[in-house]
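Each of the next two complexes has subunit A plus one more chain, namely subunit B in the first and subunit C in the second.
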Partner chain A sequence: MKVTFPHMGNLYICVKGMLEYLGIEVTMPPKTSKRTLTLGSKYGPEFACMPLKLNLGNFIEASELGAETIMMAGGCGPCRFGYYAQVEHSILQDLGYDYDIVVLEPPDKSITELTSRVRQITGKKSWWKVIQSIRYGYLKSRAVDTVELLSFKTRPRELLTGETDRALNQALKEIDRAQTVEELKLAEARGSEMMQDVAVDSNRRVIKIALIGEIFTLLEPFANLNIERHLGRLGVEVDRSIYLSEWINDHLFMGLLKGIRSTKEYCRNASPYLNHFVGGHGLETVGSVPVYAKQGYDGVIQLFPFTCMPEIVAESLLPKVSAAYNIPLMTLITDEHTGEAGMITRLEAFVDLLERKQYQNYQGARSQELEVRMS
Partner chain B sequence: MTTKVGIPRALLYYYYYPMWKDFFQTLGCEVVVSDKTNKSILSDGSKNCVDEACLPVKLAFGHVINLANKNVDYIFIPRLVSMAKQEYICPKFLGFPDMVKHNVENLPEIIDTTINMRLKTSEISNAYKQVGRKFTGNRFKIWQAYRKGQKSVQRLNELLLSGYMPEEAFAVMYGKEKDKLSSGGDINIAIICHPYIIHDSYISMNLIGRLEKMGANVVTADNLPEELVRQQATKLPKRLFWTLGQRMVGAGYTFVNDNNVDGVINLAAFACGPDSMTSELIDRTTKKTRKAPLLNLTLDEHTGEAGIVTRLEAFIDMVRWKKSKQLPGVALVN
Partner chain C sequence: MTGYLGIDVGSVSTNIVFMNEEEQVLESLYLRTQGQPIKTLQKGLKTLVRSLPVSTVIKGVGTTGSARHLSAVMVGADVVKNEITAHAVAATQQVPGVQTVLEIGGQDSKIIILRDGVVSDFAMNTVCAAGTGSFLDQQASRLGITIEEFGPQSLKTKTPVRIAGRCAVFAESDMIHKQQMGFELPDILAGLCEALVRNYLNNVGKGKEILGPAVFQGGVAANIGMRKAFEKELGLEVNIPEHYNVMGALGSALLAKEAVTKGNKTLFKGFSVAEMDFNSGSFECSGCPNLCEVIEISEEGTIIARWGDRCGKWSNALASEQVQIS
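After this line comes the complex of A and B, so read on.
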């Protein structure tokens, strides 16, 4: 049984790690590419959201490499994600791809539904071993988060363009390669070192932008057209409202792991603008703006795929939040036709605006200071 | 002076208007419904709502604005989270009251009580109790109003089952003139669509009326009994968590295999999340077996009427031709 799963940024490092820990053979789809999207758009429903199309493309490409079983997350609404697996499976069947599909999602009736689904993948492995593997996959995601967070800091300050990405790729490779918990610890430490070794100008003034919005688009560089890299090169330090480890915990482990960075703070801050959960991460998107504003960020960029429902609700509220907290906002909606060049132009204009604002604030503060001194 | 409560002629108005009307009237309020959709209602809605929203949500914005201009004291737009156990309506319904409040200026007080029957069906009576307390301290009166409203919804459902469309049923219930149910057509066409699109003749480009003019008898998903659509929808590989989506899929499965139905039209809304999935499911899972041909149409603000009409006419011609030949199922997909 060769297991595959859809790509979402560096998610593969964790899921592959987890499955291999259990001795399960993994066939990964090739990295998401133009071809993936072309396949997905060709066979997927025209108005489906982009992640569905990319998933579909991934599965077709993985099948070409011999994958037989799909493992993916599910959900119970209200967002489309909870029905992705079923629609994708039906399309694959019609196309003649003979896949088994195992969906990890909160059970409808009893927990045995879930456990028997897990058993389909893990076979006779003991539950203890399964739990160990989950923990292992989770540790991998934490390691990925660590080096990525470091890359956010170094990218805008690097002396040699591209150094951060070179180091980051290397660090991720090490984390991916680690086979045991001990090796993983070493890899994480080495990876962090690599990131810290990137030569930077630590005095450079940077602009800080928070990327918020739909999780898949935030985490998958193909879907966000490498926005983190482009912003970094424009001298922007970014943060992301959701990290990989949080998604893993929420979706694959159904929130089993408690006490890790939680998005609860965002949800608390969404009121009075949005007062109810709306599926996906719509509530978090709205609530993250006040949080980032208070942390001194210069701007926020909301990212989501065309027709994404929770983010459309959020989009309609964000201008108010942005005005109330005096933090500039830009919304980027991606679809099959969004080009990288067009996006870069918009990013440049936005960064320009933030720089001017930062400069004015600085000038304003200085002249006030002078007035105080003179009086 | 009596308190005026405004109800937008949009979204689930088509399922709950009698409930809301009788509830508020029993509490002594005057109920004001927004005008029938017209060009300015739609354009006001589009102007005040984000571009990316679906047509029905933009339209609902327009109806809220229309009510605000009528000087009502309240506008009733409950937060319809869930109308059935373990189900939702749609993410946009969850956020709708907030979207309105933060985007439309000069609104009267909005009553946006949450109705959430996802975990407990009994929640619904609590929601109405909460609303009722705004108008009276008399618990008995609120209970009476709620019971009255419920009875009216039952009556509405009976009328829907006997073939009336929602607005026709309202006319019957509230004693206005009403033309008799037409059944003189030579073909039977079934429509699968959200109630708030198909029963709004402006945005649906009067699809029902057009079909009737072409000599068809029309039924919609809303004319089928709840148990039937739910039972049909169990054929899906997994329980569908959208109440309206479930009705559409269940109705789709029923119609395509019903010997009395000569053709099925699936009218989806552009950029509607649930529709993108349910249309795909209906089409794919019935492709090999369906008896009646299926026409998929997508509607958006910019859909040209001419294009739709041409396709409709071609479809009806094909249905008639097929009926005259009694050909076995020919699948028509676009």
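After this line comes the complex of A and C, so read on.
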């Protein structure tokens, strides 16, 4: 049984690590590319959001490499993603791809529903082993997040353009290659070292922007047209409202691990603007703006795929939140277009806006200081 | 005489402005790009150099517009800025205290909100081209009038017809229906202006606080019918600056002045670039399934810039020696 699953940024490193820990053979689709999108938009329904099309393209490309079983997340919220696994499976069947599918989603009636689904993949492995493998996958996601966080800091400050990306790729490769918990620890340490070795100008003034919005678009660089890299090169330190390890802790471990950042904080801050779950990460998106404003971020960019309902709800509420906290906000909607010029123009203009504002505040603070001294 | 050049190479028009030390526009050019940015820019520079005194010294150059990176590497620009910042800078200089900039160009439209002289919010049209200059052009020619007659004709209206403005396709079919029912041309034209203004305010201006003084610029500002429709809908006086159709270029000239006053010497290569041999070529990178189309710009046979690659393999290869441009 060769298992495959869709790409979402660096998710593959953790899930592949977890499955291989159990001795399961994994066949990954090639990294999401224009070909993936072409295949997905050819066979996917026109009105569906881009993640469905990219998933579908991933599965077709994985099948070409011999994948037989799809492992896919599900859901039961108002977001359409909840039924994507079933829709994608049925499209693939129509096209003649003979796939088995295992959907991991919260059980309807009893926990045995979920455990029997997990058994379809893990076979007769003991539950202890399964739990250990999940822990291992989680550790991988922590390692991935560690080096990514470092890249957010170094990219806007790097002396030689492109050095951060080179180091990050190398670090991620090391983490991906690690086979045991011990190797993983070493790989994480080496990866962090590589990131810290990138030559930077630590005195450079940077702008801080938080990226918020829909999880897939935030995590998959193909879907967001490499926004983190573009912003980094414009001298912007970014943060993302969602990281892999947090998502795993919040959703798979039910927040069992304490002391790490949780998206629950966003939900608490969404009130009074939004007091209700609206599907996907709509609630978190609204609540993340106050959180970032309080942390001193200069601006916020909301990202989501065209037709994404939860984020559209959030989009209509965000101007109020942004005005209340005096933090500039821009919304970018992505779809099948792969030309980056339009996005870069908007990013540049947004960064200009923030720079001028920062400069004004700086001048204001200086003149106040002078006044105080004079009096 | 000393002064500054501002260059705006957009999809429809290429504009060049020469500005003196007192920030007055002495020369301005408005050319059609016609899909050939390199040639058009060279033609523009040739025309401009003829109208300037021989002793003119260019102290700084700024570029903007969708071909800003291309034109920057060609002429050697001191500042490369996006259209939004350039338009905002120009509007602030032309109408001090401006709080709203309505800009409608050939292929795009934008709104810029300024407070205390600084951009505080902006938006650009995203997926829809309804309400841009190209659509007006197309409808004028369908109705058999020139675009210059469009505005004055529309003012003769007594009762503007209501036309669906949400989408260019809907607007066109709605217009045809009204025309076939026997409405007069001025009423249809005025109705179209009102529909476009509604569409602009709903799509681009949605959720923005539009306060006066307001400025209307971009090629479409030449259309008096559009100005009246804006004034009627907003209940505000709408100013049209003298250089409304070259505001992007003026903004980049102003930014160039700012850039060189910080003490930098201009990177301008001189007007001889108009005679130089520039070539752009492209190839498909086969390094991964993205198959990026990489564009190469060469000057007299030497590659001076590359862009278009997602991973940065090609643009970075030059970046180590050259200024990063994309």
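Quick note on the criterion: the second predicted complex is superposed on the first by the 362 of 375 C-alpha atoms of A that agree within 3 Å, B and C clash if a C-alpha of one lies under 4 Å from a C-alpha of the other, contacts with A are read in each partner's own complex, and residues count from 1 in each chain.
Note that a residue touches a chain if its C-beta (ideal position, glycine included) is under 8 Å from a C-beta of that chain, and two chains touch if they have at least 3 such contacts.
Everything numeric here is computed off the predicted structure, so don't read it as measured data.
Student: Given the superposition on subunit A, are subunit B and subunit C in a clash or a fit?
Tutor: fit
Student: Touching A:I333, do we find subunit B (first), subunit C (second), both, or neither?
Tutor: both
Student: Counting only touches as set out at the top, which of subunit B and subunit C does A:M309 meet: first, second, both, neither?
Tutor: first
Student: Who does A:V181 touch here: subunit B (first), subunit C (second), both, or neither?
Tutor: neither
Student: Once the structures are superposed on A, label A:L149 by its partner contacts, choosing first (subunit B), second (subunit C), both or neither.
Tutor: Touch status of A:L149: no partner.
Student: Touch check for A:C267: first (subunit B), second (subunit C), both, or neither?
Tutor: In the superposed model, A:C267 contacts neither subunit B nor subunit C.
Student: Touch check for A:V278: first (subunit B), second (subunit C), both, or neither?
Tutor: first
Student: Identify the partner contact of A:V118: answer first if only subunit B is touched, second if only subunit C is, both if each is, neither if none is.
Tutor: neither
Student: Just checking: does A:M343 make contact with subunit B only, subunit C only, both, or neither of them? Give me first, second, both or neither.
Tutor: neither
Student: Regarding the shared-chain residue A:R233, is it in contact with subunit B (first), subunit C (second), both, or neither?
Tutor: So A:R233 only meets subunit C here.
Student: Between subunit C and subunit B, which one touches more residues of subunit A when both complexes sit on the common chain A?
Tutor: Counting residues of subunit A touched by each partner, the higher count goes to B.
Student: How wide is the angle at the Cα centre of subunit A, looking out to the Cα centres of subunit B and subunit C, in steps of 10 degrees?
Tutor: 80
Student: Tell me, in angstrom, the smallest C-alpha to C-alpha distance between subunit B and subunit C in the overlaid model?
Tutor: Checking C-alpha atoms only, subunit B sits 5 Å from subunit C at its nearest point.
Student: What residues on subunit A does subunit C touch that subunit B touches too?
Tutor: 306, 333
Student: Over in the complex, which subunit A residues touch subunit C? Could you list them?
Tutor: Checking each residue of subunit A against subunit C gives 30-31, 33-36, 160-162, 165, 226, 229, 233, 306, 319, 328, 333, 335, 340-342, 344-346, 348-350, 352-353, 356-357, 360.
Student: Any idea which subunit A residues touch subunit B in the complex?
Tutor: Against subunit B, subunit A makes touches at 45-49, 76-80, 82-83, 85-87, 89-91, 94, 108, 273-280, 282, 306-310, 312-317, 320, 333.
Student: State the interface residues of subunit B toward subunit A in the complex, per the touch definition above.
Tutor: It is residues 49-50, 52-53, 79, 81, 86-92, 94-95, 97-99, 102-103, 114, 236-242, 268, 270-277, 279-281, 284-285, 287, 298 of subunit B that touch subunit A.
Student: For a test of understanding, state which residues of subunit C touch subunit A in their complex under the given definition.
Tutor: Against subunit A, the touching part of subunit C is residues 66, 81-85, 116, 118-122, 124, 126-127, 207, 288-291, 310, 312, 316, 319-320, 324, 326.
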